[in-house]
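Each of the next two complexes has chain A plus one more chain, namely chain B in the first and chain C in the second.
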Partner chain A sequence: MTRVSLLLSALFEPGWNSSEPVLTAVVIGGGAAVVSGVVGVLTVMRGQSFAGHALADVSSAGGAAAFLLGLNPLLGFLLMGVIAAAGMESFAAHRIRERDLATGVVLGAGLGLSALLLYLDVTSKSTTGAAITVMFGSMFAMPPSVVPLALAVGGSALLAIALLYRPLLLSSLDPALARVRGVPVRLIGLCHLLVVAFAVALSAVTVGAILSTALLIGPAAAALRIAGRPGGAMLLAAVIGVAATWGGILIAYDSYDWTGGHGWPVSFCIVTIIFLAYLAAGCPARGKVRAAARPGKAGVQAAGRG
Partner chain B sequence: MFASFLVNTWIVATIVAAAAGVVGFFVVLRGNSFAAHALPLGTFPGAAAASLLGINPLFGLLTFSGLGVIGISQLGKAGRPEIATALSLVVLLGLGALFLSMSNEYSQATYALLFGEVLGVSSLEIVPVAVVSAVSLALTALLFRPLLLNAVSPELAEARSVPAGRTDILFLGILALTTSAAVPVVGVLLVFSLTIGPPSAARALTNRPVRAMLLSACLSLLTVWASIALALRLGWPVGFFVGGLGALAYGLGRIRMECVRSRRCRARSG
Partner chain C sequence: MRGESEVLAVQRLSVSLSGRRILDEVDFALHGGEFCGLIGANGSGKTTLLRTILGFVTPTSGRVVIDGGHRLAQIGYVPQKIVLDPAIPMRTRDLVGLGLDGHRLGLPLARRARRRLVDAMLEAVGATSFAEQRVGELSGGEQQRALIAHALIRRPRLLLLDEPLANLDIKSIATTVSLLRRLALEYRMTVLLSTHDMNPLLPAMDRIVYLANGRAATGRTEDVVRGEVLSRLFGEHVDVIRVHGRILVIAAGAGNGASADLERHPDHVVQVP
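Right, the complex of A and B next:
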């Protein structure tokens, strides 16, 4: 018994689950990881990783504006993300190269705006850390008042995915077939980007704008390497995301002792765990490909890659 | 605006903009926007590490953009390129967060690194920036035909013995060189605006590759000069103007393309 408690106290620093900032981080971080994992699977399947990353970066302008106006940061991230999603979809074209270009242009404009707002933050309110907070997140400095709004945002994103599951999946896998079946592909695409904006706003508040891509793409890409079905991949992505987030929070909290009161940033720990999970997920998948390639299937494989 | 302490800024900005415009032509043609965004942003930890170690930031930037190229091309072997790009980017940024937490003088320097800084260019920094930009321009000129062929028709390029994989990596290398030279002036977040905004406008104005490339370099110069002038005038960050003018250039180009297309349709039906 004592050995167990010793182990636990070595693993979890004392104060780990009684400190309020940590609890808030655990709740919001976990929620963000679940939503990002589920939404991320669809994003990766649709080949819209760049759009997912761009939405996160652009929503940082909203975060900076919220800083300036003294609003709830999540609200700022959310509003700007929704505006950017609508902008991207209205610019969007059919060809992938053109779509990426339009995404990039919206991203550039949004980052420019973010530069201006952060500059105004620094000069007008003398909050020198605003750039760091908005770009790299402030997991342990979140007010508990964010929790209800965060849960509402995450819940509505998951609800939207559940309601639109079949048309979303069909239009992601085969847009032509979906159009024949009478699915409004453009509208579904817009809905998907809006849901991504929700998910990304949530994770931008926790791990920061430029690292929220890690929660959106990493677990989903790892899960899609293992799971065969989209539903299973979503579940797995959510699990990987939550494990990485909580593990990251734990390591970051503990690392204050290992490195002499200096601590590693939470986002670094989370990203490292996610990347390791992606690499680990590749090992069995690569074995499978090799096994499949052995009995003279080189032609099929080449066609699949082309 | 043309005070002596700003001469260096104008020189560096001119070099950087010309190179970004030329290389940007291929970014737009090949649809490499995500890589053009991820490579410079991924150099962020390089600058942070250089300031930790007290060496010239350009070396840190070049090292980490090299790591970015390796990451994108190695991870891209197993999965789709955009996933490889996204993952390499987040790993590098995670390292950036780590280095940032180790250094103490972070806030203002970080902001300058992310969004650009007009005033901080010393004359010692000009030479490396000029050398790096010249190398990337020379490589682009040398590889002009294979790059163009590979972008327009990868199959035809393979048939003419231009290997697609090696061309991709070479181009990523050129892109990395160009953008990391531009980072100190425009900032890691907005360099890519310079490599996609002006070229996408240029492509709408002409159909010929060489002319489009030169036009793109000119538009990029105009964008950077206007941005710096406005930034000095109003005291706002350069990045804001680079991003805004880049989007404006793209928008105007898109409108012109639509006009040309509809005129062509009308001529055909009439």
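Right, the complex of A and C next:
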């Protein structure tokens, strides 16, 4: 045995390749990370991180309901997220402050519903696992039956972003400019929220409703620190998200051995990697790199304007 | 003959917003290639007039007619400024490109023809040197150029600018006015530009729409900026004085209520107590 294969066999514990739960986790987790990365860049650019977080949290009510009724959990997360998105958009006016208020109101109502449904889950099924599963995910306990719906949800989210790419960018630059170009700004905003609901529903089945914010915002924020273009940031965010997800799955799987059979939650491992990626993206003294990339003017102007 | 045709007709336009009358029977027309200043103090209804022309505000009575039918296809619009986080990776070049096809569905294809159009537009407004810089990092004058390029790339027949000279230093004001004058001639385009000080526009504008108290005095600059016309508009006696190529309007303290009107006057109006 060479040193490399020794290292590999230490890294990938036996059974890694053949385990069906791991395979499902890799496929759905990877897909969710791609969609969340792409959608997340637009969400951060539009300044709607709070709306993204609220949609994720509110979708937990759907997850809890699906658990109670024995339905596909993804379907539950998805339906509740879509309802919340529509609610937020119909309450919201154009002003940012009012938008945040509408988001907060829907978030509160949704979490209240979630509390009720989770309580019913716990009492009727006499299991305490429901709350943990819905809120923090259970990557290795996903039924393979989730896969087809997950692919459909992820595929349509990516398709919508590709279709609405330019109107979305223009309306996030300035709504008035977009209106003058004939873009239906309200409709585009609603479409964006719906796509965010799709993305967070997908990550809710993997890392849980509460932590899907991390998958939506973290990789996007890290990518926006590095990339020079919106498209590049989307690609990079997807890569960071997938790397974190797969890395997290690997560490969590391996951790069964270090911890004597309990293992660490996958969600914890994934979110930790994302957080580290965000810190690393900010490290190489961003200002200096930028100034060097733009010779001459940039530094002088910055000084002049300061 | 296209140059002389009527591009914009504002016909007895009245607008009320939440019960308050903002515009009262405003009536004027602009022809091809005309450069028109929309002058008035803050709160005189300049922005409301521009937004009504754009179709964002529904008039209470009267109407706006844009030659050539479809409103938005004929109009380029430059907002006062846009607020964008410098951390957002949107370059000047991207902003101008979105002026061309930002309303289209689907991913943008890196066509060579599109790039040539964007490059030419950047060059025309003198934005080539900061084409790759992020929009959020531009100075006021640079952002103004980028927004003008965004508005012009589809060659509209009418360009509306909302206070483009506010927040600019004196040098940028002069270069922006001469840039707009040059572009208006080059593209045979009608320009309607709002400002609270008419003096920087004097060398460029051939028509004026002067707003006060919701009403408008309109016509050629020398016909409108006269004592009796502005006195009627302001509802108090004013004198117009031309010194060193600048215009000063002197409001000679009409006594009752004059001080309340002070802040409702544009910048070139001097209040004598």
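Everything below uses one rule, namely that the second predicted complex is superposed on the first by the 284 of 306 C-alpha atoms of A that agree within 3 Å, B and C clash if a C-alpha of one lies under 4 Å from a C-alpha of the other, contacts with A are read in each partner's own complex, and residues count from 1 in each chain.
The working rule: a residue touches a chain if its C-beta (ideal position, glycine included) is under 8 Å from a C-beta of that chain, and two chains touch if they have at least 3 such contacts.
Computed from a predicted structure; not experimentally measured.
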Considering only touches as defined above, state whether A:263 meets chain B (first), chain C (second), both or neither.
-> first
Is A:230 in contact with chain B, with chain C, with both, or with neither (first, second, both, neither)?
-> second
Once the shared chain is lined up, is A:140 touching chain B (first), chain C (second), both, or neither of them?
-> neither
Using the touch definition from the top, say if A:118 reaches chain B (first), chain C (second), both or neither.
-> first
More residues of chain A are touched by which chain, chain B or chain C?
-> B
Regarding the shared-chain residue A:214, is it in contact with chain B (first), chain C (second), both, or neither?
-> first
Mind working out whether A:165 is in touch with chain B, chain C, both or neither, as first, second, both or neither?
-> second
Once the structures are superposed on A, label A:271 by its partner contacts, choosing first (chain B), second (chain C), both or neither.
-> first
What residues on chain A does chain C touch that chain B touches too?
-> 225
Can you check the complex and tell me which residues of chain C touch chain A?
-> 54, 56, 72, 75-77, 79, 82, 84, 87-91, 94-95, 98-99, 101-108, 129-130, 132-133, 135, 137, 139, 150-151
Could you pull out which chain A residues touch chain C in their complex?
-> 45, 162-167, 169-170, 173-174, 176-183, 224-225, 227-230, 232-233, 294, 297-298, 301, 304-305
Of all residues in chain A, which touch chain B in the complex?
-> 44, 47, 49-50, 52-54, 57, 91, 96-98, 100-116, 118-119, 122, 128-129, 131-132, 135-136, 208, 210-211, 213-214, 217-218, 221, 225, 262-265, 267-268, 270-272, 274-275, 278, 282, 285-286
The residues of chain B that touch chain A in their complex are 28, 30-31, 33-34, 36-37, 41, 78-80, 82-83, 85-87, 89-91, 93-95, 97-98, 100-102, 106-108, 110-111, 114-116, 187, 189-190, 192-193, 196-197, 200, 236-237, 239-244, 246-247, 250-251, 254
